[in-house]
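Scrolling down, you'll hit the structures one after another.
Common to both upcoming complexes is chain A, partnered first by chain B, then by chain C.
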Partner chain A sequence: MLKAALAIARKDLSLALSGAQGLVQTVLLGLLLIFIMSLSREPGELSPPLAAAAVFWLATAFGQVLVFNFLYGLEEAEGARLGLLLSPAPAQAVWLGKALSGWVLLFCCQMVFAPAAVAFLGQTVAGSPLTGLAVVAAVDWGLCALGSLLGALSVGKSSRESLLTVILFPLLVPALLAGIRLLETVISGRGLEAVGAWTGTVVAFDAVFTAAALVLFPFLYTGEE
Partner chain B sequence: MIRLCALAFAAASIIAQYLIWFHAPVEESMGVVQKIFYTHMPLAWWSTVSFFVNFVASILYLAKRRDAYSRLAGAAAELGVLFSGLALITGMCWARPIWNVWWTWDPRLTTTLVMWFVYAAYLLLRASDVGGQRQDTVLAVLGVVAFLDVPLVFISARYWRSIHPSVLGSQGGGMEPEMWLAVLANLVAMGLFWLALLAFRTRQLGTGAAVTALMRHGSIRN
Partner chain C sequence: MAQALVRLRRVSRFYGERAVLKNIDLELAPAQVTLVVGPNGAGKSTLLRLVAGLLPPSEGEVETELPPGGIGYLGHKTLIYPKLTARANLAFWQSMFGQPRDDAAVTAVLSRVGLAGFADEEAGVFSRGMSQRLSLARVFLTAPRLLLLDEPASGLDPASAVWLRREIRAVADAGASVAWVSHNIAADLAACDRVVRLDGHRVAYDGPAAGFDAAALAGEGVC
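What follows is the complex of A and B.
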């Protein structure tokens, strides 16, 4: 399964990065959101680290929807979904492949969002940037596990891409809250006492939705229209 | 069964209202506003039960593929959204005079609101044609995922901040025995109302599906 998942992820990444269409749209939307949110502060005034972290994760959440719509749309354009389903790989390999490629793409986008949030929202990072990267990567896995599962909703003739946002965002609340608090700690260097509890929340979210997706994905990703 | 539940609800609600207004004493610090609690708590409680029924029915649908489970899940989600919406509104009516705010960050409030959003999206999906032929399967998957999220939302919201009074957690919460009786009576009355609505709505959805199937069959014949 892992081999097939890696092959799907490699295929998706090469398609996404060669045209760069999906990625550019995500990056632009995220930057736009960060820029618009920066208008909420007076010129010369600094945004609180909590607000900066919240804006960063808001941009990420919107970006995630675009990324998974794009990734699942790749097969729909040429009717290649049936080909994937007919391959000897289990359906879970498709979920894992899409989740891995989405994770890489989202992380790349965040590498643009992070300096933009620091610049537009007037932040100085007190903590270690490496810890920040680890936090982002860990929270991203939960987002991508769920995003890849529900991204399969956007397949078929009767898909409604806009509905994915309404369904996905409330489900992401625990991961986003944890991401916001942990990133605030990285930016401000305060609130270290709560890091353990929030890390536990992220690990639990990642584990629950990885397990749920492995069980539920074959029900969603079928040849039916 | 529906009629029996409805009649039992009518009788139980008369007793429950009597207990609220004539038996349970007026709370010293909150005054008459506290009586909202007798409606608010059963609404919140039965909305959680609705979401759990949706979760169980969704699993059963995925396992057995019987349409009846899908209809039960749909009816339970509708009741969950209605009851949790009313619980939020009654909670806000209580919070304004007591906490001096309409809304505040609290695990139970936040969890209820997030669940309201999730299941409102579920109903939106149910009303649309998303998923096409596999719509019931898509909804069942969403029903399972949504309920798995409940404890995570609650834990994360609790870490964020909490000021909700733990009425049921703190050794009786300082309530008089008369108040407890009123709470229990309202819980039972609301439960009977919930059961009657669930059975009625499930049957209604079943009838609707049968009529649609008959019409399609007729059009094929013609």
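What follows is the complex of A and C.
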């Protein structure tokens, strides 16, 4: 399963990065969101770290929808979904492959969102950037595990694309809240031990939705139109 | 008759209240080309999807002797990635079928389908005929024991259609079973061993191709 998942992730990343397909829209949407939010403060005024972290994760959440619509759309253009389902690889390999490629793509987008948020929202990062990267990567995995699971709902008919947003956002709330709290802690330079419960929330979210996806994905990603 | 690769036992399929197939009994044996014919809406594509396990039957059972990955599919859509080169497409499907990366095998199969000179071009720029050849290369590379074809010749020029017919026959002669949905019965019948005709959601004919009267169907708009 891991080899097939890596093959799918490699193929998706090659398609996404070769023509920057899927990434440009995501980055532009996120930057637009950060810029618009920055207009809500007076010139020279600093946004609170909590608000900056919230804007960052909001941009990420919207970007995630575009990323997974793009990734699953790749399999629909010429019916490759049928080929994936008829291959000997388990359906979960598709989920894992998409989650991995989504994880990388989302992280690439965040590498643009982060400096933009710092610049436009007037932040000074007091904490360790490495801790910040670890927090972002950990929260991202939960977002991508869930995004890849629910992305399967958007395949087949265009009318289903809206389903992804409708179902995804309410389920993302715990991860987003935890991400906001943890990132705010990193920006303000406090240790993560001060927000241990939120760290636990991220770990639990990642574990629950990884396990749920492994069980549920074959029922969502089928040959039905 | 050799051991069947797939058996359908009293299989029915409904979409909501609408029946598409009712009480279908069918066996697909190795080294045999089965032509599946019938008017539009007769359930031919649904039948292939049931055989492939892509759709669950509403009633009845689909039994198969095939291991995972033992079924190949070629239809209206080519199952290729337009933004990848022909070579990268085939290398991807090699990985998905657990095969080691083998550039020589990819080159050989591209030569077989006449695309050796286009190996490093994006599949998206290919004509319909070239795309279908690439799709067939994918099938050859994964060597399925059961090949399902859903009007694979639609959009092909006459010369490409003749070539496709010859390749399909070669796949069956090598031991695979082929189930082939076609509307071009008069032309395709000669390459087949057996005909299954669907009509009124049921199997109306299941017998040797030699005894099948294709001309009689012309008036029904089937061919």
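The rule we apply is simple: the second predicted complex is superposed on the first by the 217 of 225 C-alpha atoms of A that agree within 3 Å, B and C clash if a C-alpha of one lies under 4 Å from a C-alpha of the other, contacts with A are read in each partner's own complex, and residues count from 1 in each chain.
Keep in mind that, in the parts below, contacts are C-beta pairs under 8 Å (C-beta built on N, C-alpha and C of every residue); 3 or more make two chains touch, one makes a residue touch a chain.
What you see is a predicted model; the values in this text were computed from it and never measured.
May I ask you to name which of chain B and chain C touches more residues of chain A?
Comparing chain B with chain C, the partner touching more chain A residues is B.
Touching A:L171 in the superposition: chain B (first), chain C (second), both, neither?
Touch partner of A:L171: chain B, not chain C.
Given the touch rule stated above, what does A:L149 touch, chain B (first), chain C (second), both, or neither?
first
So in the superposed three-chain picture, is A:L74 touching just chain B, just chain C, both, or none of them (first/second/both/neither)?
second
Looking at the overlay, does A:E224 come into contact with chain B only (first), chain C only (second), both, or neither?
The answer is both, since A:E224 touches chain B and chain C.
Looking at the overlay, does A:A7 come into contact with chain B only (first), chain C only (second), both, or neither?
A:A7: touches chain C, not chain B.
For A:P88, using the defined touch cut-off, is the partner it touches chain B, chain C, both, or neither? Pick first, second, both or neither.
A:P88: touches chain C, not chain B.
Kindly classify A:L15 by the partners it touches after superposition: chain B alone (first), chain C alone (second), both, or neither?
second
Both chain B and chain C touch chain A; at which residues?
After superposing on chain A, chain A residues 222, 224 contact both chain B and chain C.
Which stretch or stretches of chain C touch chain A in the complex?
By the definition above, chain C touches chain A via 49, 52-55, 67-69, 71-73, 75-84, 88, 92-93, 95-98, 131, 138, 142.
So in the complex, the part of chain A that touches chain B is made up of which residues?
Within the complex, chain A touches chain B at residues 146, 149-150, 153, 156-160, 163, 166-167, 169-171, 173-174, 177-178, 181, 194, 197-198, 201, 204-205, 208-209, 212, 216, 219-220, 222, 224-225.
Touching residues of chain B toward chain A in the complex: what are they?
62, 110, 114-115, 117-118, 121-122, 124-125, 128-134, 137-138, 140-142, 144-146, 148-149, 152-153, 155-157, 159-160
For the complex, give me every residue of chain A touching chain C.
Checking each residue of chain A against chain C gives 3-4, 7-8, 11, 14-15, 18-19, 21, 74, 77-80, 82-89, 222-224.
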